[in-house]
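Here chain A shows up in two complexes: once beside chain B, once beside chain C.
So, the complex of A and B:
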């Protein structure tokens, strides 16, 4: 014969167990944070910085003059071209108070429409020797209009007036 | 059970309430850590600089006497490198030869931007 005395104690035990489980759940969920990482915030800052620097470099000193950026792009990959653009861009990015931010690195690309009508992207600065392709990079771009072909460019580039896209890959090493 | 001392139950109950309230406050603090991420994602997603740069490129195109090759460049490179469908027209207004009516459309799949501007 089943004895049904003490059923209330059993129920109390079950209730206590549930309360303990709930407490453990709340404790764990309030003290741990589930995020996929907060890299978005420095990415946003870096992208904004890069865009601002490109916009600044694309602003002519005098009304109707040629901007610094256009001057660099016109030289192509030659002297006074892509490498100097990269240096000047990084120098402008590092222009701030406090530590000089030496870890900032950049690589400049140029996208153009070829004679055949497709879009080609070429490296304008010399490749960064430490670039592995796994860096957390941001890309900032700026339109530049050219009246003729820049110096030392691939042969499929057109010679008539054209719009090209300067792309800067920016990352912290 | 009948012999249990029932004094002080209110104090125990209030203590429980305070403990639960503390846990909820901790939950709110926990969630606040996500705020910066969503904001940053929103800023990264929104192509503010792209649109402003496109506008200035279109104005440069008008300054350079509306070369059709430049227009094709902007449309083709936008699609290829910026993942954005861009379409624009610039027509001289009938009442002023130096005033252009620019119709600009931009769509990168997330943000759609349409503008009619006189330049």
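So, the complex of A and C:
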């Protein structure tokens, strides 16, 4: 037996369903979702750039010459050392055909093996005053072969020929 | 028999379903990024340009892509070799950007798409190379269209390898102390030879980023202060410049001349300048030299020969006059001692695709 109350309940249910669907659609379509597939692209571009710059700084301009990178690392934290490395690294990163890409920042670290055999990491350049630790940074590294201990380095560093790891944190301010 | 309730409900249900299904593509559209594809193509193009020497390449083929006709090019890469990523060869760079900003560029947009961008979609592009010179200036090379918003992008930092030059400098204050000066020049011809010994030049212990390879780079020979070599005359007659290749490991085969026309100047193969004059001379100039000679033998010429690590290429400057007008004689080795090699230059290559 058909009656009016049943029809009303059915129509009410259908209408509620439609409203729910419409609400869900509006919510989803107006919310921008930054997927992981997108985030890696600027990171990759920055990492590639930093990696290129370190590799080119480690390529001597003349046959048999010393690379710029080794020259900077040999000076340690002294004059012509970490801070100049940071400046030169950033100058190369910022270079482009138009205006320089000025909002790039970097910090240089050096990892080495101590006299006790453990690995120590120290800041090679001055700390960036704007660095909070929450930046979306990329890390690029390069092994450097040293024939002696760099200047102005902590006393626990070995003095014999060794390989050290130059790490640069690079981010967009 | 169907009830009226069922019919009404089913109709509304179907309408709602159709509506929802039609909304689904719109829901997904918000999640996809239009930049991803362009960035990937720009990255791939950047890798080909910076880390690949292109194809054909030495030593698998006698002529690399920058010397062959367009229909033989497979891929355009700018690296010196596959072992030296990010170190670009200036001759490849010159060819890649040849007349790119002029009305008649060597490579058309279709060529760039076919040989370096690849892909089925006819992408638009912009390549730029900004070279940092030691004097603090920059040299910019560009190809492509102005950048629109929303393009894919990659930036690569590179070094540029440029050819070296052999400079022979006469000593004008004390001519007899000039290199290759003789007090008793031969008669009736006086010859001065620049020798390229490929067994020395193609020394495998030298990294390709610093190697002198006349098969891919121009050979530059400059004689300056030629006044020091003049034999009491105002000038000496340069009769001819000849290029001969021979192989000391094959004694039965004599020197062979490079097979190109000696009668006319051809800047694709060589340029010969005398006394800094703006015009180019043919290799048979019969011209008076009073102050300097500058010769550039281009890879297009040297690659006409199958040159290997056993080859020797002699560039002979022939002065012909009786009595002799010049005191220059001997053989100058074009090697790692006598050639001034140019330092690698830092540059940045940018690729934009849209």
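Assorted remarks:
Criterion: the second predicted complex is superposed on the first by the 136 of 173 C-alpha atoms of A that agree within 3 Å, B and C clash if a C-alpha of one lies under 4 Å from a C-alpha of the other, contacts with A are read in each partner's own complex, and residues count from 1 in each chain.
In this section, a contact is a pair of C-beta atoms (placed from the backbone, for glycine too) under 8 Å apart; a residue touches a chain by one contact, two chains touch by 3 or more.
Just so it is clear, the structure is predicted and the values come from calculations on it, not from any experiment.
In the superposition on chain A, A:132 contacts neither chain B nor chain C. Once the two complexes are laid over each other on the shared chain, residue contacts for A:111 go to chain B alone; chain C is not touched. Once chain A of one complex is fitted onto chain A of the other, the partner contacts of A:28 are limited to chain C, with no touch recorded for chain B. Once the two complexes are overlaid on the shared chain, A:97 sits against chain C while remaining clear of chain B. Of the two partner chains placed by the overlay, only chain B lies in contact with A:141; chain C stays clear of it. In the superposition on chain A, contact is made by A:18 with chain C only, not with chain B. In the superposed pair of complexes, A:165 makes contact with chain B only, with no contact to chain C. In the superposed model, A:41 lies in contact with both chain B and chain C. Shared-chain residue A:61: touches chain C; no touch with chain B.
Touching of chain A by both chain B and chain C, each in its own complex, is seen for residues 29, 32-33, 35, 38, 41, 44, 48, 55. Residues of chain A that touch chain B in their complex: 8, 26-27, 29-33, 35, 38, 40-41, 43-44, 47-48, 51, 55, 58, 111-113, 117, 119, 121, 140-143, 145, 147, 158, 160-165, 167. Residues of chain C touching chain A in their complex: 3-5, 8-9, 12-13, 16, 19-20, 23, 26-27, 30-31, 33, 35-36, 39, 43, 85-87, 128-130, 132, 140, 142, 153-159, 206-207, 209-210, 336, 341, 343-346, 348, 350. Against chain C, the residues of chain A that register as touching in their complex are 2, 6-7, 10-11, 14, 17-18, 21, 25, 28-29, 32-33, 35, 37-38, 41, 44-45, 48-49, 52-53, 55-56, 59-63, 92-93, 95-97. Of all residues in chain B, those touching chain A in their complex are 1, 23, 26-27, 30, 33-34, 36-37, 40-41, 43-44, 49-50, 52-54, 56-57, 60-61, 64, 67, 69-70, 72-74, 76-77, 80-82.
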